[in-house]
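Take a look at the structures listed below.
Both of the next two complexes hold subunit A, though its partner changes from subunit B to subunit C.
Let's turn to the complex of A and B:
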């Protein structure tokens, strides 16, 4: 009975996303442009063979997947938190019998499931056009890959939410978001961490930035049980930590809600 | 047990002070200076179950802050609030099942979807079972005449239609207390009337306690028996609406337009607020002078247009303060 309300929130937000379709169109074009530019770039760099263990085809697929993850979960949770806290409209959300943090997540899941459908289709189509079918793709491991992507989306969501909720304590927090985006970008989104020196790899493979992008993307383009056994538990731990962090910041922040007038 | 009980309730906000000039700007980075602002000061108030209370005061008097403390949104700085025997802050979620709120300036409906979708969602959020929900919604649809636009996206509704839906949304879980913050702002007379009738009915049939803030004298008059006036964070007046009305609401504002330039005869209890050859605006003290007597003094042929209104709540409140200060209170 209690969980029902969160499913209801997911459902209504899928509906909302369907109405809002136009919002996605722009991002679909952007996704295409992004893949195309990197396809051209890597085509120039590669002269046959492999770089850091990735073939050209794997590299293109890698990008299709990291972009799929960020385009799906890169919804505006940071901006929304920021706005709700600063304008004080968060106060009205507190009137209802729900857990605010999970309410936000359910809403985002609704929106994200629509984006996930659109961008998965994009990833598969563009991957097949630009890179051709993935060699040696283990169909049996698909459930693990999906789990890994779900964990990265969850991690990404709750980390961005935590950053957004810092608005309770500081007036200007958008630099956090910028830094976070850049970290995601350089530590796994556009370059697999294998391109970096060994010592950096040893650290990065345990950090959330790489686990969000590199973790699942590498698992899909170059599956190994060893990689899965390393990445999945680390993702699960970070996802749980991110949820707790968001809840902690929220419970601290909510005591400081200041809304005058309005 | 009273439905709402406030004991020495106070709320102080800390507002950052920004000095002028570069030196202050630099200094405030290292050592911000805060100024306390007392939004609510030691409010004591008790509202019985089934009572309809008007909570009025000028903008910035602390009305919204008080409502937010009663609903558990804001934490009081000191003092305590008890709503339905619960502590709004510590038992916010338990309390939220039993109270409802309508904020005239805030929508709780999904903008792009028809109201039915929002209603369904709220019914799940409040854990109302489907049968009760259908029955309750049916009744609200009938009372508020929502049938026509239940399936129209909210963004296409008129303000009146939307506010009626907001009321339905707040009432689906059968709250025991209804907090209304400027619920009729911007509405036309017909919708206002419809909403007032709904509130009166809920109060009569379900013994719902109503806590209303409004700048609309009509809302206050037609709904509430008791009025609490709050100013600068403190309770200034706690009196029956009848007395408020007798003391302060016995004025009518009459605006007249003439077809030919006219001179108004002097009448007792009438003050001219504004006047030009073709238009005039009057304040009439209805205790001494019925509106009819003023109209009788004018020649009917000469009147092009006439409007009779209640003085706005702000004026009544202003009048209350002027009187209080004159009384040395």
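Let's turn to the complex of A and C:
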């Protein structure tokens, strides 16, 4: 019974996303433009062969997957947390019979399910157009890839939520979000970590920024059991840590809320 | 005509001083936004450094320092555009909500008056970032000169592009998404080497929506200076600004006030 309300929230938000499906149009265009620009860039760089262990086709698919993850998990949670805390509207949410952190996640899951469907279709279509079929794609490993992507989206969501909830403690926290976003960009979103020096790779393999993008993208374009065994447990640990972090910041921050009626 | 131009330049100057003093009033927030934006842009240096380091060759005739020039010009031009004409991004909103009425009642050109009315705090970070980046690269005096010119022409082009996009709201109803998209694309397409774009895309960014003139044509001047290219840059900038101006002014005849009472903060 307790968990059913969260499933209801997911269901309502999927319906909501379907009704307001036009909202995703702008992001679909941006997704296409990003893939097109990077296709043009990598097309100019590659003259056959591999760079950092990736062929041109793998690199295009890599970008399709990393962009799919970021476009699916979106970035609205940071702004929403910020707005709810700073405007005080969070007070209304506290009266309701749900866990605030999981309520936010359930709502986001609804929207993310719709975005996942749209951007997965985009990724597959654009990948096939710009790069052709992915050579040696192991269909048997698809469940592991889906699990990895789910963990990525979860980590990303709760880390951004934690950053948004810092609004409980400071007035201006947007620079945290900018820094986090850029860490994602440079440590796996645009470039696989194999492009970086070996010492950096050894560290980045275990950090959440690269596990969000590089982890699942590499698993899809260049699957190996060794990579899956390295990435999945690390992702699960970080996802759990991100959930706990968001709950901790919320529980500390909510004590600072002053409700003055109205 | 000349007196009118002079009066409007003075108006832009007044808005600049007023908006700057308002921003400086909240010093810590202003500084956080400035440094946050500079740090944000700096992340992309790392991307290009890692890429060039790994591939060990030029990309479409551009080396690392050439790409950094693109970034410097785009960043500073974006900064200048948002320091002086930040409100251009809100034209659709002003039209849709009827807030444009305020500017129509004042004895100045409504477009210049409306777009100059706001300043972005983080734009100072973009403005400074381009200059610092170029200083770190240690470029020649000639490159500095082209950079200074391109920062102004680039800012004017970016503003003209966004005014064009948002002016469509006066003709076809709410076109805010189109205006915002043109704005985003004017940045996205300016920070990559010219040579990677081919065919229809290249034609588009060199003609209808002249994004290529923001940073890529100035880069041509750095690589090989030609008076003809310089004249083309200045001519296209002037022509597109005039086009955007008249597109807005013509569309303004279709504008209908919503009788909305607003407080201008």
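Simple rule for what comes next: the second predicted complex is superposed on the first by the 257 of 262 C-alpha atoms of A that agree within 3 Å, B and C clash if a C-alpha of one lies under 4 Å from a C-alpha of the other, contacts with A are read in each partner's own complex, and residues count from 1 in each chain.
Convention: contacts are C-beta pairs under 8 Å (C-beta built on N, C-alpha and C of every residue); 3 or more make two chains touch, one makes a residue touch a chain.
These numbers come from a predicted model, not from an experiment.
Legend: residue contacts after superposition of the two complexes on their common chain; A:141 is shown touching neither subunit B nor subunit C.
When the two complexes are overlaid on their common chain A, residue A:207 makes contact with neither subunit B nor subunit C.
In the superposition on chain A, A:12 makes contact with subunit B only, not with subunit C.
Of the two partner chains placed by the overlay, neither subunit B nor subunit C lies in contact with A:245.
When the shared chain is aligned, subunit C comes close enough to touch A:29, but subunit B does not.
Once the two complexes are laid over each other on the shared chain, residue contacts for A:2 go to subunit B alone; subunit C is not touched. By the touch criterion stated above, A:237 is placed in contact with neither subunit B nor subunit C. In the superposition on chain A, A:185 makes contact with subunit C only, not with subunit B. Subunit A has no residue lying at the interface with subunit B in one structure and with subunit C in the other.
Residues 13, 39, 59-60, 64-65, 68, 71-75, 92-93, 96-97, 99, 101, 103, 105-106, 108, 110, 112-113, 117-118, 120-121, 124-127, 153 of subunit B are the ones that touch subunit A when the two sit in their complex. Contact residues on subunit C toward subunit A in their complex (touch as defined above): 28-29, 32-33, 35-37, 39-40, 43-44, 46-47, 50-51, 54-55, 59-60, 177, 180-181, 184-185, 188-189, 192-193, 195-198, 201.
The touching residues of subunit A, when paired with subunit B in their complex, are 1-2, 4-5, 7-9, 12, 15-16, 19-20, 89, 91-92, 94-98, 255, 257-262.
Chain contact summary for the complex, subunit A toward subunit C: residues 25-26, 29-30, 33-34, 36-37, 40-41, 43-45, 51-52, 171-172, 174-175, 178-179, 181-183, 185-186, 190-191, 195-196.
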